[in-house]
Every structure is written in structure tokens, then in C-alpha cells.
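Could you have a look at this structure, given as C-alpha cells, before my questions?
Letters A, B and C mark the chains in the order given here, with residues in each chain numbered from 1 onward.
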């Protein structure tokens, strides 16, 4: 266990070095959040009543997306792992006395957390004090907040387990672009990154609900905003855990097969 | 100019060494902005119109901005990817060659795969034009062409500014995204959706308004102003590009005095 | 031909933090240290010399080369190469010099070498007749016959280095700067590169300045030795002079003694 913690810590400290990068990220995400929200404000002026998600809830949704951006972007590449696989240096990783899946998982998890830690507080502070339609509302209730926190963490693990599948697929495609890029783009769309899931047309929502992507972010954010009631949220966390278990098992099985191929090829 | 064409042909031959990855990327580049357009469409489908702009009117805006962005990305990609050039130390090589540094940076990279994105921009533009009840004339057509060219120049200027930042720090580079990706995301909607300060800033400081929103008002007949005046408005992009180039050459001087 | 006079140059380097507390502190304060890369360096090199520029890692070799190539501007001092101040008339000046950075490539990775040469012909505006003549000569002396039709990525390091050197000689420069030209090469390739450097020096009168960590390069090539350590020039002379002072030990041991003597 301690080996996984150690790799996590190294990653975390490395991430913390990039102070200027974090400041730039804060500014960028504030700007994006504001612009997106202004678009929604304009649309809701038109006919906000009767929409499945209120403007206030959209504001929470958008800001949480920006605050936890590094938790949710599928297209967050770890060039190290890609080059390990494509260059054949993977043999080196196999010499370590760690289970590869857990090792990479810890690495990716720490990268994402360090990316968010530096950025989330300044953004959080700023967006609570914005004027009316743009401010981040408080969570719907203390219970909703607790469920949100749990759902967000499981969601983060879900994101990492999905991105693990993308990395593992590189064993077959040998190219970090192309197929994996498209999975990421589609996944982010289905997670509500471009349009919140409740605002998609019905058929698109059905697709989104059938796939794991929306459980990563759409679900926790809507719990926070109160768009998903408490009872339903508790069930949702169960669904998240089920998806997580399935994805990890599938990922490990796939990785083992991939590694066997490597060994067979002798590369 | 002749040299630039030579660079292009060389880079094209390089990329063609990997045809399968080339086609995959082309396809990917066509597909990525597609989700953005889908989101754009879904919102209009749900809400009808926004502040008096219908879907097709806004789509014209979307098409112009995305087309301009992809043209800039194709041609000025060398500046966009400049941080890797500096990080790899290959920038020194450009300085020991007897040609303009800016030209060599432009020629260092050309993203042919961005043609996929270009294609999508044309498609959206085509859909919008086909469904709009606009009486086209020479002035309006010229305005539209100028908008695309001007928009590409504005994006190119931002790429150059971002590349200039690399001489001081590559860490804070993400902030440039506000104006490249952010500018694109923002300007794809008519600017008067936003708060007034956004409109002012993006008209007078970074002239996205001058290349997309204002001339579009004239093309769509949303204003009575003189059409010719609106036609030349996108030329403001040149006024923006010049200080960007000045900042760039200042950055090169800084690099040579610090070597960082 | 080349004259440096009192050249100085320093860098500002941010201190990197170690450990958790330091990392957190570095979020708010960052300390900088000034590193003197070059301190009052002066030397001159005559036409037709092959000068070996040596010193431990971080001594300032590359900085000096970059200043002489016009890439960097020094803080103090003057430099005159072929009558130019390198960092002032960049375009005119760099047309007359050739530069090889041993660790980097100036060739386009995915296309045959000859395409890169052709590109360089246009960059340097070399008249076709001159180009054909130089290319024929280089192909013959460097034995490039078949390899110019191969993409760079498929070349061995030795083949690539020969092509790199050829590429920087296409425009017939009068001075050639070589930054670690033999790094990573096998014995046969090293000897081929050395022979070639000698040939162009003898037959075309090209002045050569090379940095290296391989003392046998110096022994085989240099008629002039410049030793730099911690940013200052510590020794400037020729090989016989060095021998007369320190005896006939192998070159590596000799240099090590020089390093020790100056405590670098």
C-alpha cells in the first residue's frame, strides 16, 4: 500500500510546483464559467419556466464543473504512461514489485487531485461572491452536500477507471490519438460537459443514462444543486459503486491480457 | 512566401509518412467540434431562440468563428505549438539561419489534419446560409469573406501572443486558452448575449466583435448602418495583429538576452 | 578571425523546493539565485584553426558557442567574428557560419535527407550550381551515396551525424561550430567524423570550433585547446605546450589534473 501512497505523493508534490500554471488555470476557468453562464442566462430569459433544471441549478452545475475540472476531463493525458506503452519501456514497470493497475491508478488519481487542490479554493472563493445570477448557490441541504461529497469522490474514481481503459487500449492501437481521443470527446459530451444532461433532448438523455459517463460528474453536481432528491441520490451512489466495480474488474482483466501480449511479443 | 510554400510541401510529405494516423486525426478533428455544435443545436431546440437570434442566424456566427479558428490553427500552428519548440531547444536552430524567425516558426509546423475541422466549419456555414432568408449581394458576400479572414488573423495574433509568453514562462500558458479556445467558445454565439463589458472588451481590445458580431448585424439586416462601413470593419484585425508581432519580436530579443 | 574580449553572462535560476513544507512555501515566495555562466572570457582564434573547447558539464561551453553564433547576447564584453558582431547583424552573419548541435537535429525527421538538404538550399538561398558542386563534394568525402535517399528516422546515429555536418556545410561557411559532434557515436563513426573535419579544414580552409568530452577528439583534431571551468577561461594554448607542461600522460588524465589544479 505504501508504494502506491508514495507514487501518489510524488505526483502531488510535482503538481504543486506549478504555481503559475495554477493561477493561470484559475483565471481561465473563471472566464469559461462566466461565459457559459452568460449564455444560459440569455437562454433562460427566453423561456426559463418549465425547464427540467432551473437557472440556479445550472449555475451550480457549471461552477462545480469548472472547480473540479481536473476531476472530470477524460482527455487528461499522462504522456509518461503513453510513452511507456508505445516505446516498449513497459518492461521496466513490470520489474517493480507493485501491481501495475493499482500503481497507475494511484498515479492518475494523484495527478487529478493535485490539479484540483490548488485551483478549487480560489475559484470557490470568487464564485460565492459573484452577483446574483452568476454566484454559486449553497448546497440544497446538508444531507445533499454529504451525498454530493461521497458521489464526487466515487465519480473521481470512476473517471480514473475509465481513463485507465483508454490507456490500456493503447496497447492495441499503439497511438495515443485517434480512437482514444474520440472516446474522450464522446464521453465528455455524455457526462454533460458541453450541455447539462437534463437540457439534452430526450433520446440523448436515454443514451447518457445507459452509459457510465454521466455518473462521473453529472450525477454529483445535480445532487449538490438539489436537482436530484436525496432518496434518489442514495440509490445513485449504489449505481456508481456498481459501475466502479465493473470498470475496475474489466480494466484489470484487459490489462492482464495486454501484458500477456507484450510478453508474447517479447517487446 | 516561396519559402513558406516549400515548408508546407516538406511538412506535408512528412505527415504522409503516417497515412493511417493522418486520416484518423482528420476524422477526429471533424468529430470534436461536432459535439460542440450538437450542444449548440440542443440549446436552440429547447429554447427556440435567444435574444432575438434564431438558430440559423446564430449558426452563421458559429460557422464564421469556427472556420476562422481552424484556418488560424492550420496556418499558425507553429506559434500554437511553440512551447514545445522552445522546450526541445530547437528554437536556437532557427536563430542560426539567415531567415526571418517568425517565418521559420510559421513553417515549423502545419496541421493538415485540421482540414477536418475546416470542413465542419464550411458545413455549418453552408447550412446557415441555405436556411436564412437573406438577400445576398456583393457587399454582403465580401463582408462574410472578410469576417472569416479577419477572424483568422485575430486568432493568429493570439497564438503569437501566447508564443511570446513562452519566452518568460511556459507554465502560465493555459491563460492563453481564455482567448483562443475561450474566444472561440464565446464568439460562436452573438456577442450581445453577454454582459456589456464582454462586448466592449471583445470589440476594442481583442476585436472578435469587429470580425464576427458587428458585421453580422449588417449581413442579417439587423441594423440600418452603411453596409460598406460594416464590410471594412473586420480589417480591424490587422490593427490587432501588428502589436502582437511587435510583442513577439520583443520576446525574441528578451530570449537572446537571457537565454532562458 | 574570431575575437572575444571580456565576455560575461549570467542566468537567474529559481530554487526548487524539496519536501511538502517547502513546496507549500514556494507557492508564495520563490527564491532566485544568479549563476555566472561566463566571467570575463577573452580569446581569439586564427583562420584555419581547429580549436577544441573543453570543460566539465555546466562550465559555460554551450553558452560561449551560443554567443559566438549570435543566439545569445552577452551582458558585457565584445565579440567579433569575420568582422561581424554576431548578435547584431544576425541575418548577414549566420549566412557565413555553420552550426551543428550534436544532441539535436536540424534535419526534418520524416523525409529523406536529400529533401532536407533541398530545403536548406532555399533557406540559405544557395545558387543551384554552387549547391550541386558542394553537394557532390560532400557526398563523396562523407560517403553519403545511398543514405541521402533514406528518411532521417531510419538512419543510425553515425550516419545521421555525417548528414548533420554535411547539412551545415551546404552554404560553404567559413566557420563551423560543432557542439559535441561525436556524442554517442561508435568508434568507426567517430573516426569517420574526425577524418572529415580534418579534410574540410585542410582543403577548404574552414575554421572549426568544437566542444567535446572525448579527449581523443582533441588529440586527433585540435591544434588549439581552450579549457573553461566555472565560467572562466583556465587554459589557452596548443597541444605541444600542454604536453611540455604536464608531460606525456594520456589526455584524459592530463585534463583531470588541470581540473584538479583549478579545483573544478
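Criterion: a residue touches a chain if its C-beta (ideal position, glycine included) is under 8 Å from a C-beta of that chain, and two chains touch if they have at least 3 such contacts.
Note that the coordinates shown come from a computational prediction; the quantities given were computed from them, not determined experimentally.
Enquirer: Count the C-beta contact pairs for A-B and for B-C, then tell me which is higher.
Expert: A-B
Enquirer: Taking mean CA positions as centres, which chain lies farthest from subunit C?
Expert: It is A.
Enquirer: So what's the Cα centroid distance for subunit A and subunit C, whole Å?
Expert: Using C-alpha averages as centres, the distance is 48 Å.
Enquirer: Just the number, please: Cα centre separation of subunit A and subunit B in whole Å.
Expert: 28
Enquirer: Which whole number of Å gives the spacing of the CA centres of subunit B and subunit C?
Expert: The separation of the two C-alpha centroids amounts to 40 Å.
Enquirer: Give me the residues of subunit A that touch two or more other chains.
Expert: Within subunit A, the residues that touch at least two other chains are 19.
Enquirer: In their complex, what parts of subunit B are in touch with subunit C?
Expert: That would be residues 2-3, 6-7, 10, 13-15, 17-18, 88-90, 92-93, 95-99, 104, 256-260 of subunit B.
Enquirer: Once bound in the complex, which stretches of subunit C touch subunit B?
Expert: 9, 11-12, 63, 66, 69-73, 87, 90-92, 94-95, 97, 99, 101, 103-104, 106, 108-111, 115-116, 119, 122-125, 151
Enquirer: Going by the contact rule set out above, which residues of subunit B touch subunit A in the complex?
Expert: 21, 24-25, 28, 31-32, 35-36, 38-39, 42-43, 45-51, 169, 171-175, 177-178, 182, 185-186, 189, 193-195, 198
Enquirer: So in the complex, the part of subunit A that touches subunit B is made up of which residues?
Expert: 18-21, 23-25, 27-28, 31-32, 35-36, 38-39, 42-47, 51, 175, 177-179, 181-182, 185-186, 188-189, 194-195, 199-201, 204
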